[in-house]
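Following this line, the structures themselves.
Across the two complexes that follow, chain A remains constant while its partner is chain B and subsequently chain C.
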Partner chain A sequence: MSPPASPPPCPPPCPRVLRAETLRVETRRDGAAVPLVTDATFELRTGEVLALVGASGSGKSLACAALLDTLPPGTRRSAGRVSLDGVAVAPAALRGRTVASVLQAPRSAFNPLRTIADHAGETGAAAGLRRAGARAAMREALAAVGLGDDPRVPDLYPFQMSGGMLQRAMIALALLARAPFLVADEPTTDLDLVAQARILDLLAALVRDRGLGLLIVTHDMGVVARLADRTAVMAEGRIVEGGDTAALFARPDRPETRALLAAHHALSAEAS
Partner chain B sequence: MTTSGSLRAARPGLGPLAVPGALAVAILLLTLLGPLAAPHDPLAVDLTARFEPSSLTHPLGTDHLGRDILSRLIAGARTTLGAVAAALALVVALGLGVGAVAGMLGGRTDAVLMRLCDVFLTVPTFVLALFLIGAFGTGLVNVIAAIALSHWAWYARIVRGLVLELKTRDYVLAARIAGAAPPTIFVEHVLTGVLPPLVALATLDIGHMALHVAGLSFLGLGVQPPTPEWGVMINEARAFFWTRPLLVVWPGLAIALAVLAFNRLGDALRDRLDPTLVAERGL
Partner chain C sequence: MTARPTPSLLSTRDLGKAYAGTGWRRGTPRTVLAGIELAVAAEECVALIGRSGSGKSTLARLLLGLERPDAGAVRFRGQDLAGLDRAGQRRFRAAVQMVLQDPLSAVNPRHDIGRIVAEPLRHLTDLPAAERVARVGAMLSLVGLDPASSGRLPGQLSGGQVQRVGLARALATRPALVVLDEAVSNLDAPLQVEILDRLAALRRQQGTAFLLVTHDVRLARRFADRVLVLEGGRIVDAAPCRPRLDLTHPAARALVDAVLPAYPEGAR
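Let's turn to the complex of A and B:
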């Protein structure tokens, strides 16, 4: 945990803080470096939801990948630092134990040849859980995401489950390690509306009950309005506007934010 | 939602595996039992009983030295298929090792290993095997080594291709994000995807390699007489082909049956084990 030399400056329960500073992601095109994310700075606290929003291609997912150093081939992080409770950390060391992740497409995020229990065993081993402990932790995590009623779930293969069940299972895997932070990259994009609503409720409940710090990447302002305490808007690889979600919805400063909100209002007006 | 009924349906019976599987199992059993299953000593010469026709004592008759043909076929299965098994084990080990290293590491390592593969791939396998035997000398061990060296590059290429594709899967990324160590990721997610098609391919190649072993032995480069081996038997029977054609037919039939059985088994295994097919059909 934190170094014993300096006691935490805040009273318990002290929120833990994951901070990304001036992240820069580049790719190379014709020998020249092309920036994809520039100067991305954001801060995530336990018990709080931060939404990273923006149009497709604005660099939201890359900024998240840079946080854990899981950038796709051909891109690299060329600047910036990540710190946990004020101490600089290697991004790779955060994976699993400190920051758990939920990916966009649940169907492809599971190996079709391995059961849910196999996946849980792997995630548990990565988080340092022993075999027996992993089994118990898996049951508990599955119960937490609403998959605890059916005793067969651990032995199911991914193709025997629906998209919503798989996304729940992925969130359960993310809970296994009891990481204080959770990064969810468009966790509801591949799901139908009912499943979306349930997953969002689940995420909100986890933040409330377990004090998770949730970083949610989305282009859906409806999701933002529903979940996020704070919001950062990205456009062309930069964070162009950020702050309290209610304030942002009330007084959007930037055209990009207004465009996202306009799209959201147009869609929700159509729907109702 | 999945019910227990549909769960059971998701695990079908052997299906198309049944017939070639049974035949291959029978051949493998004979191979393992070898001389124990043979009615006579495959090496026992009896010059008073040369070229005997089929009878109860000698179901397939005897050859030019009075040796029981059935016994020699059964004992020969062990020689031929034993050599195939050894060669395949070498090929798979080499191919899997080189292919996995090239695919996982990429970059310069990949380039060097793949150019090495290209060198081996430019020469037809049988010619390469002949060349290697010319260099090493004749004998069963050299035949096995020659077959392994002339085939591993194919396997390395295929394994590399599979690894490259599997590496980009979301579940590999998910495992990486969950903090799993690279060796764990390789074993859990890459190897599980590579092995099924590799097993199917190796099974398909059993017949092909049996032909290599028998062919090289037929040419007098592999197993030496009097050791029973199918290719050697055909070679020995060649001199009597016009008067006693059955002497050629029996080992030829054994080779043909073995090749056919393992080819069908390989086909069926590929249909069953290919992960893309499995995922598509939800088997």
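Let's turn to the complex of A and C:
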């Protein structure tokens, strides 16, 4: 049913396409259904970066969770469909094999009692890698995220690593799965700006060199400017504006986009 | 550092702090701050910037008297914090307040917003109950929250709203200095700008001084009069924000260079 899984993603001439159509997410309040995300449609292609941007509470993380069927308790997807290369798929079947994830708080995403090598072994086994192969794949993945120089890294526990190192390790685990798509929900929000810049450089390089398709969820228009080819702006659970990132910066149409950009420029400008 | 004729509100002299090693490495203390000399004058706004692990939060905790220094001293209006009597401590706590980064862990989830904001008023001031209620309402409007939300619980508000509750609580005693430890760093940009502008207005009206602790040069540049750069537990650079923030130390340049682009490549 699924197309060939493990080989590296298709080169640029034939990008793979992950599409979410008319996603709707609801919660129940006093017995009535309350919509949190309405009619969210977006398309992610390999070799490209799509940013889902919006203020806090705009529904961007929920839309992303609906894509992968990882919605928090109390919420559910009540409408919409997800397709891969035009074929409808169950969102849960995408996770790990087709779409890898990087989360906001790296420290809570790792098992504190397991080393990085343990985590890599688990991910490798899930991806069908065996001992020697898994070990080599882990070394390759750690090298790809800039953790290859220090031979001690695989034996470190999460508490022995900084936030930036953990986020790199999480991206390395995502690469181990050899999924063509990567979803990153606020991957740099908990890092300082220097660590953030390096992680964004790394993500940009992975998209360029390995043809990953990256969906990045963020509230920071600076991250959008640095990374995104296309951008979808969310407000009150809806995608209110979307398209080419450069065009969006040049000609924002909706008040919500203008507000995000105005604040971004107010902070980016040198004090006068 | 810039010389000012007014006596400083809060200052340090050769401040140092070391934490004892833990576990197997007990007994080998690690120096996290050394030789810190800084002074914040009344009505001044200073930013303390540095990377994660540079010692910013430890310094903020020492300035608030939440931890004792291992070397040097913190002085409040010229008096050593360590030598304050009970009444002096109460005055100090009413005059110097703090807002932390993680808003939900800084409030009691079982207390309603009104009680949370009134807490410092009950302990640190002699305001009668009726005036406390009025002050709480005024503080909530000041940070852009509906005074009617004082009956709600923290769990019913968004993270950004709870952060504003923390801000209202810090401002409730009309402090002379507020220390903001990454207090706006996790908010989205529109909210960051709104809150910084509200605080700037408050500073103009009431002369409140601020110490903004952050890793984000953009926030420091927008809000502060001058910037101090902390790296490896020492102040390595200092500069005024206007007309242009001019930092030279490599650690400071790394922070400035990490600021993300204003526009995507190829659009301007």
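Of note:
Simple rule for what comes next: the second predicted complex is superposed on the first by the 256 of 272 C-alpha atoms of A that agree within 3 Å, B and C clash if a C-alpha of one lies under 4 Å from a C-alpha of the other, contacts with A are read in each partner's own complex, and residues count from 1 in each chain.
Just so we're on the same page, contacts are C-beta pairs under 8 Å (C-beta built on N, C-alpha and C of every residue); 3 or more make two chains touch, one makes a residue touch a chain.
As the structure is a prediction and not an experimental result, all values here were calculated from the model.
Judged by the touch definition given at the top, the superposed model places A:T189 against chain C, while chain B stays out of reach. By the document's definition of touching, of the two partners only chain B reaches A:R97; chain C does not. Counting the residues of chain A that each partner touches, chain B and chain C differ, and the larger count belongs to C. In the superposed model, A:H265 makes contact with chain C only, not with chain B. Of the two partner chains placed by superposition, only chain C is touched by A:S56; chain B is not. Shared-chain residue A:V87: touches no atom of chain B or chain C. Of the two partner chains, chain B is the only one that A:A105 touches; chain C does not reach it. Of the two partner chains, neither chain B nor chain C is touched by A:A32.
By the touch criterion defined above, A:H219 lies against chain C but remains apart from chain B after alignment on the C-alpha atoms of chain A.
Comparing the two interfaces of chain A, the one with chain B and the one with chain C have residues 162 in common.
Chain B contributes residues 1-2, 4, 7, 10, 169-171, 173-181, 184, 188-189, 192-193, 275, 278-279, 282 to its touches with chain A in the complex. By the touch criterion given at the top, residues 68, 70, 95-97, 100-101, 103, 105, 108-114, 118, 122-123, 125-127, 152, 156, 159-162, 170, 173, 177 of chain A touch chain B in their complex.
Put simply, chain C touches chain A in their complex at residues 51-53, 158-160, 186-193, 215-219, 221-222, 241-245, 254-255, 257-267. Of all residues in chain A, those touching chain C in their complex are 55-57, 162-164, 189-197, 200, 219-226, 228, 245-247, 249-250, 259-260, 262-272.
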